[in-house]
Amino acid sequence: MRKVIIGNHALSYGAMLSRAQVIAAYPITPQTEVIELLSEMCANGELDAKFIKVESEHSAMTACVGASATGVRTFTATSAQGLALMHEVLHWAVGARTPVVMGNINRAMAPPWTIWTEQTDSLSQRDTGWMQIYCQNNQEVLDSVIQAYKVAEQVKLPAMVILAAFVLSHTSETVEMPEQEKVDEFLPPYELEYKIDPDDPHAFGGLTGPDGYFELRYIIQKAIEDAIPKWEEVGEEFGKLFGRSYGLVETYKIEDAKELIISSATVASTARSAIDYLREKGKKVGLLRIRVFRPFPAEKVKSLLSAIDKAIVIDRNISFGASGIFYQEVKAACYNEKNKPPIFGVITGLGGRDVGKKDIIDIYEYVMKQDKVESDIIWKGVRV
Amino acid sequence: MKLSIPEEEIMGHGHLACQGCGAALAMRYALKAFGRNTVMTFPACCWSVIDGPFPHSAVNVPLFHTCFEAAASTASGIKAGFDAQGKDVNVVAWAGDGGTYDIGIQALSGAAERNDDIIYVCYDNEAYMNTGVQRSGSTPYLSWTTTTPVKHPKQRPKKDIVSIMAAHRIPYLATASVAFPEDMITKFKKAKDIKGTRFLLVFSPCPPGWRANPENTIKLAKLAVLTRVFPLIEVENGRVWKLTKKVRTVKPVSEYLKLQGRFRHLSEDDVAVIQENTNKDWEILMDKVGEKD
Amino acid sequence: MPKKSEVKIIFESIKDMPPLAVSLYTMDYNKTGSWRNVRPIIDYDKCTYCTICWKFCPEPSIDLEKIEVDGKEKFKPIINYKYCKGCGICWTECPVDAIYTEEESE
Amino acid sequence: MVEIRLHGRGGQGTVVAAKILADAMSKIGKYVQAFPEYGVERRGAPVKAFIRIDDDIIYIKSQIYEPDNLVILEPALIGTIDLIYGLKEGGWIIVNTNKDPAEMKFDGNYRIATIPATKIALKHHLGSKAAPIVNTAILGGVIKILELCDLDTLVEAVREGVPIKEDANVAATKEAFESTKGGR
Amino acid sequence: MRKVIIGNHALSYGAMLSRAQVIAAYPITPQTEVIELLSEMCANGELDAKFIKVESEHSAMTACVGASATGVRTFTATSAQGLALMHEVLHWAVGARTPVVMGNINRAMAPPWTIWTEQTDSLSQRDTGWMQIYCQNNQEVLDSVIQAYKVAEQVKLPAMVILAAFVLSHTSETVEMPEQEKVDEFLPPYELEYKIDPDDPHAFGGLTGPDGYFELRYIIQKAIEDAIPKWEEVGEEFGKLFGRSYGLVETYKIEDAKELIISSATVASTARSAIDYLREKGKKVGLLRIRVFRPFPAEKVKSLLSAIDKAIVIDRNISFGASGIFYQEVKAACYNEKNKPPIFGVITGLGGRDVGKKDIIDIYEYVMKQDKVESDIIWKGVRV
Amino acid sequence: MKLSIPEEEIMGHGHLACQGCGAALAMRYALKAFGRNTVMTFPACCWSVIDGPFPHSAVNVPLFHTCFEAAASTASGIKAGFDAQGKDVNVVAWAGDGGTYDIGIQALSGAAERNDDIIYVCYDNEAYMNTGVQRSGSTPYLSWTTTTPVKHPKQRPKKDIVSIMAAHRIPYLATASVAFPEDMITKFKKAKDIKGTRFLLVFSPCPPGWRANPENTIKLAKLAVLTRVFPLIEVENGRVWKLTKKVRTVKPVSEYLKLQGRFRHLSEDDVAVIQENTNKDWEILMDKVGEKD
Amino acid sequence: MPKKSEVKIIFESIKDMPPLAVSLYTMDYNKTGSWRNVRPIIDYDKCTYCTICWKFCPEPSIDLEKIEVDGKEKFKPIINYKYCKGCGICWTECPVDAIYTEEESE
Amino acid sequence: MVEIRLHGRGGQGTVVAAKILADAMSKIGKYVQAFPEYGVERRGAPVKAFIRIDDDIIYIKSQIYEPDNLVILEPALIGTIDLIYGLKEGGWIIVNTNKDPAEMKFDGNYRIATIPATKIALKHHLGSKAAPIVNTAILGGVIKILELCDLDTLVEAVREGVPIKEDANVAATKEAFESTKGGR
């Protein structure tokens, strides 16, 4: 069945279809519709979940972590300041190995106060161990929630499904709704080896000295590395059932491409139309959209870049004192490769400044004129 | 002969509490009252260390360590998890005074406002002990700590957490003391059988933090009650206040203070002020309890 | 039930380890008797079996043994020196001074 | 691809109008995007909403700078703020007003249609005199003028899209469809 | 005058000598001694500062930000969980352009609870815009606090002075104490153009739409870029006054080096002795210690690596799903260079596992046997 | 003729509040009382938007925006900054009910415990309005919000923030209402002249959030007082309670409720329960005030 | 004092911008009169100059003008339509119904 | 470089002992490092502290695995936990005990010295019988045995390093210096 829904409701339906059992969440623009709809669903009985209407995002995440450790499926959603307030608990969810799934609406960080989109909020969480999926449309948002549970529960790590403020969160789009039975088939109930259980008492997360901590971190890294093939497998399995496949990355017109535009989320989506335009003009340019950012699909990116002459990463985010974050990560991943192109890094669209097809064409044309990378940041659209 | 408190020991030995630790005793009694169908969550506090290092543990009921500011919300989450599975489990947040009066009060206040079905126990040793004795909201007036040095001891009274929690109108709230285990266990059992948010405050001396001798732990806890520094009470629905331990012969606060190095710097005048404050607080309490001395 | 272990468990390899920091053993390995400076000793001649020492021991390192005294069932307190930290609560609280002390030596 | 911009006032249902139109388009197999002006909506303050309609998945995620058509739900805004910026030459301006298209004056080369949506809304008791809810009424006219879909499809979308007073809204939609002036 | 002090007290003396005016802090192992000594100093009158004994780190940082915005010098210190709890406010301090100086004791993140050293806590803040200085000994800790104020106040961005838990925080070392008069000369009073002032009312940090936010972020990036030469200048000026110079990085025996060990903080310090040993064995190996991590000294690192055959980055931290963080950043910085060595990334010492001279020699010898980089993480010291 | 409230307008027009916003009125009065030697800090709330976008502002006193959970601690920091410079400035934290009852209560409780020298004003519109009407700890019993839909309206009473803050024993605490500006301004001026932590709670109707007509803002605020739903009081040192507005002819709560869409779903029984709760709360308050009806 | 500005300031370039988001202007540019559906009009024949409408206007968009009436100083309320949002508080609270309304039209 | 490990009990001043020794070494121009075992100290529980002494800045920041010498402040620990692990062959073991060095038995090839530090401490009223504070007493012996510095320098460091009872501590230090047995 097709529905026209906003990105926020795509998250809510994703959680509902995944049969989330405990929800704990706190409102923040531009996320509120996610929890408003879930509140309705719980009140109506459409969704059989405990909804804890907590007093802060910090409590939302701790409640999810606690509930998850008892062996139930949990959901929350937030954005920007709310996500930042959870930061300590994000680390906690990873160390506690609780596969919480969270929606995050990418909004720029204050101050100054702002509610428009930028990816710095979620990318600032890149070192917490959360898996991160950047979505390009509402269909992908909904589908990714379901897949996120599947991967997260297999590797016992939490996952964040990410969408742009307003550009997706408040934009109604055509979405094919998965049927509940099929989702149930795809996503079996959540099972845990070690869980909080009075019949089998364990202490979780107790003091660990230098004699054990290192190994536990190693295990986490191995788990998130395992998730790399999992995201591909699960994305394909999803495709078989629902007709829409997903992977770590998505490519467009790269077969014969000499140049590559690399981006994520809705900027990558818009970039497609720019590619179409440039292809029409005879340019051999393709698109690489990074969908799964953590774990970082390094092998995939390396192999896709090996036959490219020039690559451009477009970031809607910034790590102050460094550069765009996708740019940094792509370069780091490919550094030791033999065959690799020069990579240019562009920052644009911070704080919700619109990024249109024309902007991307401009970026491409600008970079094509450059012989070498002069600076780690090429600014696009800022009124210097 | 019958024992005055349950015989079964759920808490094990070998734990890492200091000699004479009141907090360790509090846990021992609590587990006797709650029994094994209990799940605990600890925020950062001495008990995160007392319980022992991975892969060992001394409490022998399921225990989920959580971050310092999140005892209550973690407990709410755990309870919701059990509810979602249709399991009836006694979920207990177990926190120090720092984790309760200060950094954890928001999560606690939130849970109480929602009346989440959890028990919140605060073992009160009146400072941040796990980090080496810094002032907390619970540190008493004029007490020394490492962040309130004797040249500038704490200037504010102990936060009145009991009245704060009573104002949340939770179904049950009680104070207890490790010197009165029978009273404590009665209250903990009662709390267990009530639905909604229950708050229990346990007075738990800390020998190193109070600069006291370990053998005086029970003595100090008893004196706190007998001097009316720490009254033993119950409050139902935030409205019905009861005194559960009437003190017949009241002792002067000086007897309590002089056993503790943290009060060594006090002048006689200081002690007189503390005595006066204690008297005043008692009067206010008696107003609520509806009793007259 | 968690397993008892008389030694501190340190995993030789991650293969033996659980995937997260979860306890599998009690704290029995930790012989806190080594913390003790002063050793409490119960003088059973004085002891009235009131169990107050047992009640207040924070470790807990006083065990109770059911015995019969003058036909009545009583609980006899027995100090477990493996774990007794020598805090002194028992000898301070014993109402009949039935617990005396000795300094621990090398 | 067709791009439309709507102008109204916070609390008037402008965003809902866009959504219902998108729903109707979806029903006839189109891919759609409908979104409000990304901002802080305040009761009474001027607001905007946007729609994109296409036969294929819509990849472009930027704002609409040069709409093909314009819908003005709140005529009182005319003159107080710039409403027609970016509108493509020859595009439609559909205004909620009792006036005749000929009476409406906009600088530029546009086609103009008018719908007495307030009158219709009030007749069907949608909102109050001070704050009539005109969104369903105006849509009737919009689909007629822009030839986007048949009335039945829109009516179905209206039924699903309004929170209360389903029948009154449907009646208003239908009446507007009939009484719109300025269509080809 | 020489004193033997722990690293924590080096922070306290640094704040005292810099004449911090408002301190707001919350205890956490292994930071407590910092604030205990400052409490004493304030009680004694040795330091004329308002000390707000807040109820959480979150409040510590918000109080510092608020105070800083009135035009006074502020100080706080924390570690691990405390730093993580500040995360939202760390972003705030940057957006508000308040030059707060903070000491952070590097401790591994829970769960499981642990108090031992690891750098993931502060490195997880790499995208907030805070400047970060990693110190190798207590002398540097003290000196860096003073320098941090100078740079921070010039570029109007906050700075974090970072030291290893226990390895420095609780280790007493010989420290030369700067004289107050000289510090006063070096560090003039803090002046602000826009500050909270009833005589000149402004609103700070109000709602900013897509029309202005992007430019404000651009200005921040330019400010942190300006800090790169500032750290060098200020480090040299400090040297002139106090006889101890500092820079963005420190090198050891690199003149003729063919191989480079790159690390930070105390691991880099220990690496010196490994270098000495290896040099004795005839190896042409040098050391690059990255002192200032944010802003990242990309140009410096690039030029130092241009004549190297093989480099090894040793990280005591991890970004799960990626690699060691210094490793990632070094590779990203050098990616587009013509002359650059293969770079190997080693992770070791997580959760306080000790890193000794021998470990570093082992790492070197292992890497020298490798032809190419097979994986983004070489694990050292983990009991697999 | 003399005006009953100060003539000078510090707050400017052109601000972004909705039509009939009580919070805007509250600010207008507050600034009249506080005067220009005042500095404000706002956490996230409607006022972060009302004030207007960069580089514009409507309050015309210095205003430092801060994060949602940190109004009080930011104010403490600002005050310390002025103290360190020897400047005497009135520092005000200005927060909504969400930022006070819920996410900001910890910072507030901490400041109150330390008795930091700040004024904390909560304008209470009984929900998270800036994000579009979600329940807060202040949302009244059985009220609709978007997260407490009519099928499951709020089940818990409004958190008793007044008693909670009174339990902190701060020097001064008062409630006020935008319908009684003279009373409000008197209290705000009084608060300004006291040292230590002062807490002011201002009842501020929100037309869109309450599903009420904008023209009824003053009517609603008045009815809340006249029905005893929101009593106007003062508390000194947490101990001396005073009623500042005696209600002669008490109105039934139904009069207040029926003007608001958020209560539209209430049954007659529901209304009766609310009436009863209101009566009970009033009695408890009278006990504290030491008056009898 | 912040500057008044009748237009919304959007900086053309960062050169004109302060280094952080600091306000420099009032909100006067924002003519909230455009929000108004219904216009309040004071009937000065009925008005008693009680100033209640002024007191309760949240904008504030009622100004007072000092006038003399029968030798007494009075405050005459004057609605500032540039900013009046038409909320209706004044006409609801006016004790003598001296404020009538008109619908705003195109 | 000289590396020393100290063993004591939480609350006994073991870490302070290391610090005072480091201070004394600093006074004679040495570079020093002194640190406790990185852990969670509990009153009564066994604790360790370490010292490094060198003529130059000490760059090495790892733990001490193979100390040159050992100081045992709490003789009751002997036998309950392993104390001599890692000690270099021929290194000194300096024990607080009334016994003669010959009476002390440790597996391995070490030199042994004894100091009746508890006796001395109690004589000077440092701590209680159950918890004597022996750190300053034992240091007197340590510097003598290890020939680290002269007594005056140590005494100066003791004066600066103890929080209370300066004179008593100094007296204890001096007495220990005199009465230490087992020196070469």
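Read from first to last, the chains carry the letters A, B, C, D, E, F, G and H; within each, the first residue is number 1.
Note that a contact is a pair of C-beta atoms (placed from the backbone, for glycine too) under 8 Å apart; a residue touches a chain by one contact, two chains touch by 3 or more.
What you see is a predicted model, and the numbers here were worked out from it, not measured in a lab.
Looking at D-F and A-D, the interface holding more C-beta pairs in contact is that of A-D.
Distance between Cα centroids is largest for the pairing of subunit B with D.
Among the remaining chains, the Cα-based centre furthest from that of subunit F is the centre of H.
Chain centres here are Cα means. That of subunit F falls 63 Å from that of subunit H.
Separating the CA-averaged centres of subunit F and subunit G is a span of 24 Å. Note: centroid distance subunit G to subunit H, computed from Cα atoms, is 80 Å.
Averaging C-alpha coordinates per chain places the centre of subunit C 31 Å away from that of subunit H. Residue positions of subunit E with contacts to 2 or more other chains are 53, 55-56, 81, 85, 88, 92, 95-96, 110-113, 116, 201-212, 215-216, 218, 352, 354, 382-384. Along subunit C, residues 1-2, 11, 14, 18, 20-24, 31-32, 35, 85-86, 88 each make contact with two or more other chains. Shown for subunit B are the residues in touch with two or more other chains, namely 16-17, 19, 48-49, 51-57, 60, 63, 65, 67, 69, 102-103, 105-106, 109-110, 113-114, 137, 207, 214.
The touching residues of subunit E, when paired with subunit A in their complex, are 81, 84-85, 87-88, 91-92, 94-96, 108-114, 116, 120, 123-124, 126-129, 131, 204-218, 220-221, 224-225, 227, 294-296, 298, 318-323, 325, 327-329, 331-336, 342-343, 349-354, 372-373, 376-377, 379, 381-384.
Listing the residues of subunit F that touch subunit B in their complex gives 69, 101-103, 105-106, 109-110, 113-115, 137, 156-157, 159-160, 163-164, 166-169, 238-239, 284.
Residue ranges of subunit G in contact with subunit F, taken from their complex: 1-2, 5, 8-9, 11, 18, 21-32, 35, 49, 51, 55-56, 58-61, 64, 72-75, 80, 82-83, 85-89, 91-93. Contacts from subunit B toward subunit H in the complex involve residues 16-19, 49, 207-208, 214. Partner subunit G is touched in their complex by these residues of subunit D: 9, 42, 44-46, 75-81, 97, 99, 129-131.
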